[in-house]
Amino acid sequence: MITTDLISSGSGPALVIAPHPDDEVLGAGGTIARLADAGREVHVAVVTRAKPPKFSDEDTEITRTEARRSHDFLGVTKTHWLDFTAAELTEQPHSDLNAALGTLVRELDADLILAPHPGDIHMDHQLTFLSSLVASRPHQDKYPATIAAYETLSETNWNAPYLTPPFVPNIFVDISDTLERKLEAFAMFESQAKQPPHERSVESLRALATLRGATVHRHAAEGFVLVRTVV
Amino acid sequence: MITTDLISSGSGPALVIAPHPDDEVLGAGGTIARLADAGREVHVAVVTRAKPPKFSDEDTEITRTEARRSHDFLGVTKTHWLDFTAAELTEQPHSDLNAALGTLVRELDADLILAPHPGDIHMDHQLTFLSSLVASRPHQDKYPATIAAYETLSETNWNAPYLTPPFVPNIFVDISDTLERKLEAFAMFESQAKQPPHERSVESLRALATLRGATVHRHAAEGFVLVRTVV
Amino acid sequence: MITTDLISSGSGPALVIAPHPDDEVLGAGGTIARLADAGREVHVAVVTRAKPPKFSDEDTEITRTEARRSHDFLGVTKTHWLDFTAAELTEQPHSDLNAALGTLVRELDADLILAPHPGDIHMDHQLTFLSSLVASRPHQDKYPATIAAYETLSETNWNAPYLTPPFVPNIFVDISDTLERKLEAFAMFESQAKQPPHERSVESLRALATLRGATVHRHAAEGFVLVRTVV
Amino acid sequence: MITTDLISSGSGPALVIAPHPDDEVLGAGGTIARLADAGREVHVAVVTRAKPPKFSDEDTEITRTEARRSHDFLGVTKTHWLDFTAAELTEQPHSDLNAALGTLVRELDADLILAPHPGDIHMDHQLTFLSSLVASRPHQDKYPATIAAYETLSETNWNAPYLTPPFVPNIFVDISDTLERKLEAFAMFESQAKQPPHERSVESLRALATLRGATVHRHAAEGFVLVRTVV
Amino acid sequence: MITTDLISSGSGPALVIAPHPDDEVLGAGGTIARLADAGREVHVAVVTRAKPPKFSDEDTEITRTEARRSHDFLGVTKTHWLDFTAAELTEQPHSDLNAALGTLVRELDADLILAPHPGDIHMDHQLTFLSSLVASRPHQDKYPATIAAYETLSETNWNAPYLTPPFVPNIFVDISDTLERKLEAFAMFESQAKQPPHERSVESLRALATLRGATVHRHAAEGFVLVRTVV
Amino acid sequence: MITTDLISSGSGPALVIAPHPDDEVLGAGGTIARLADAGREVHVAVVTRAKPPKFSDEDTEITRTEARRSHDFLGVTKTHWLDFTAAELTEQPHSDLNAALGTLVRELDADLILAPHPGDIHMDHQLTFLSSLVASRPHQDKYPATIAAYETLSETNWNAPYLTPPFVPNIFVDISDTLERKLEAFAMFESQAKQPPHERSVESLRALATLRGATVHRHAAEGFVLVRTVV
């Protein structure tokens, strides 16, 4: 039988790659919860950490604590902190990020990769996307069977329409049963969540999930763009 | 001074072109209300009517009555019924639609055109878009200064991502003050409105407005794609 | 558990939609065989038939006989002949094709749709793609969970690069075990197969399968572009 | 040696396909003159004729006389009148236009095809482009080695930016020596030429040629988009 | 009333962001003059300066003097020199440019941003575009209502057609009354202006303005691509 | 006569620009052989070298020896080693690569440039493409008349479909007579060639050549994307 599927293959864990903590929840929190509920291992890789002098270590620790709590709540198996410098991925060797993600993908034997979208306005997102693909190249027998990009409120919609790659979802994951958990998990990022009408707010996330769901006649969904799947 | 503006020029009326009744409210209902509140003439052209044998005249009359009520409520100056056959624009001469819309644009001396999106799944929408542009060609001194495309829930999101033109809004009209009126106007199309999670429902429309608004830090907005503006 | 998958869901049959007989084998013959081997129902809808005066009934019957034999060999459950006029889909009501495919999709309760690519040079292919999407709109609880487009040698590569939608596969189905069966099934279309270096030849099909496979480190594959999947 | 070149192969004539008379001069007049000066056969196919009731036969005859004079002046070998109905290509069988152009391409054994751009606002242009490609399919030993699209002032720039295919030239033909002849040839279409600032005026044509030339450090050029060349 | 307009809002100054001195005049000189004539504050930010060892300080001072004179002549309110190193933006921290432009946008309370095009061949232009967007993110109540990209002769047309973002203008600003002033202002950059047929010459600029104007039946225009406007 | 042609102009040498040794053979080996057979000078520029600590000097020397042998076999006139650090082009000044390639283009007076594709997954490829264009800008009387991008197995097909620039060939060079030589030349890179089903294998290269050939009814071809040609 053809058994590898798009989101829930049993052949290896899922890996959600987040440039900064909270991106993974903004983009894929409901899917993470659904995968965890289905008994699948879900790992999160947080690529950067905020560092002095731009950010205090204390602030960083706060966000990290929020992330840990949020991930536990969603059922994340393990969170991997890669500790590149936030907002400065452009200044760090591209091959270092390729190598760090490549090692993680291999060690986990990850089968599903969820990465940020290359059209996001933040270059940390753009570079993380590219390195996620390099780390998952199909140049040997084993590699992640499926790679998809998630959308991040406060990044994806702020780039230049028609001049940068658009996010037009072709994968819809029904999160009717996990939406509330996603919103609660996001609210745990107290230092990051904003009040409406800011895009990075619980209310905006709910609106997005309602819209993505309605597009496919479901009460809530998360949208993704497929990069590649091998069946 | 540079006085022609994108949405609210004083030099002529706005014309919202709808392939079928309710498209104009789904896509631009809040903007119509805002234009009307600002004292601007707003016309609606309904391109098609449902005809026997596919549809009964009675059903058509019901929708038309709903449209009249909804338009009155929003402040539409006048509704123009072009009476092409619904779901059969492909079977009618393209030049006839060009001519009908061209005449209307000239007679109204319209300055702002809001048309459906060419990436919509319905060919009535695609052909209406193209004819709207033909009718507005800048080949003489006077022509509509601004043309933009609106998005239609239950049409725009159901076409093929990356294979047909995407809708990525670059114009955001703040409808914080007119959203409720838009939703009420849509609900007046009792024969057309669906229950959630259908995309053509009040709840989906509210989610879309919340999302489009949040993208630009407003409580509600309608998004459009600019085709052309001459300043 | 998340059980709907991209190619092999158990919830309903697959439907391969072919503008003309042999397109389904050119584009998806190896996948059809693999689905059939996996015990899944696979239906083929042939949209058009060649008709007088352009084609003789005898020629049409020859092709049809070839198709029946080829489909049997691949394990197709049933072939549906829609009998629109070949090379004249542009002259037939678009809504008729929408209706015919819509009825079939509903009656079969199809879960997976494989359609031709909208960037193919043949307008029969372009219109069949669009109607396949209309027939599969997600506007009610049940609809095909997955829609993808296949590539057709002698159609997909002959359109205008960068001016018409490109075919860039993001789904790769490993057909290492069914490639030979695909090639044999294609060769059964004796009236359609050409000698190399014609693109519609066994040799070209083998080269394409080798290339699509190599891209994902497999010995043979068929590539598809995802239109939409709902998980 | 590699002897087939992009514009001036010696292996067969050039064929410029014009939806309406004057398109061939607007888009490729300087190149036609240069090809003729180089001793190459240049044919023009005019796809449509204006017909009653929309147009009088007298008007049509005037344009045709202008075209003949203009073509003679440029050095066109022969003009072929296909006599489809202008502004109504959408209403005529697509396969008829394919057949008419296919016959002409074969009979002339044309080696270079210059066609209108598929992103032009006029559907006569869009359909002519597609049929030009169908007529030139590389499915046998002999076919036109090079196909390119020209730009038509008053058609190419009036479609929808980013929603329809853009014209971005990648072939530049130096017409420094033939620009004046092109402008004179265009002026011979007295019934079609407009006064500035209309786009279809001698002044606009000169500005376009100056710009296209300056892009490649030449005093005047015509731009084309390559569809396909086989070397 | 709906009072925010695309180019001439009264709510704050315009800011034209130029990677190198003269880009602002090449791309938006006529619009700058028109805005100034209309009584609106217009600021120019020059992102880089040529530095030793590649360039002498003397040369830099010459260009700067030319820019000052040119800006005065056009009516620029104030020129802001950001002093990043020319032709080396790729080597400087991306977040530094984000910060510098962000500070300027906030301090000026700029309402209209004109930025270079992301498809320009020069990476200084590409990075300046991206940072202009980051600096203008709509993540609080106040931000620039309108962002648009201008075209730069000798940068925009020299990138790779169809492989990098095309410039297809959807905003046309009528500069019939300010074209001559623009050309004179450009000519003041004696160290930068070239002789025809170089693209960066007065003659090429005039041809471009004539063409952009003719597209919308005006004697001269500047074209822009809309990134976002909030009404 | 119009004598500059797309691939085989007599006015200057061809220059194939390879980020790493073997890219030039993967992408253009058959064309190189054909150009050499036709008596044209063909130069190869290898942009990077593998350096310690990532790579040993010994390994580098092995590859270089393989390259020399391979190039001799194909008839390359001269190979130019630019010695940037492999896999680290992002960390080296962009203007240095522009300068190095610019000097080479001028010194050779190159007329044809074959560069890697900007949509390749490797940033060394993306940056090499951009610098190739900068080095070839048409800002003076002499510059390379033709620039085209080649495809590289194991780079071009591993990027993100529809989110990064696609490779859709519009130039097809018939390599029926040089395919075997290309494959042999590639096999000489013993340290780089892989076994099937790896994409970088002799078998995959043969399949690609067969497919590209079949698209234009030839037994083997290499595909390129035209960036610009001036005739």
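Each chain carries a letter (A, B, C, D, E and F) given by its place in the written order, and its residues are counted from 1.
The rule is simple: a residue touches a chain if its C-beta (ideal position, glycine included) is under 8 Å from a C-beta of that chain, and two chains touch if they have at least 3 such contacts.
Remember, predicted model here, so these are calculated numbers, not experimental data.
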Where centres are the averaged C-alpha coordinates, which chain has the largest centre distance to chain B? F
Taking shared numbers over all numbers used, above half giving same and below half different, the chain E and chain F interface sides are different
Quick check: how many Å separate the C-alpha centres of chain B and chain E? 34
Report the inter-centroid distance (CA atoms only) between chain A and chain F in whole Å. 36
Which residues belonging to chain C are in contact with no fewer than two other chains? 138-140, 158, 161-162, 170, 198-199, 215, 217-218, 225, 227-228
The residues of chain F that touch chain D in their complex are 1-8, 34-35, 38-39, 138-141, 143, 170-174, 215-218, 221, 226-231
How about chain D: which of its residues touch chain E in the complex? 153, 157-158, 161-162, 166, 168-170, 196-199, 201, 203-204, 206-208, 210-211, 213-215, 217-219, 225
Considering only the defined contacts, which chain F positions touch chain A in the complex? 54, 87-88, 90-91, 121-123, 154, 158-164, 198-199
Any idea which chain C residues touch chain B in the complex? 93-95, 117-119, 129-130, 133-134, 137-140, 149, 165, 225, 227-228
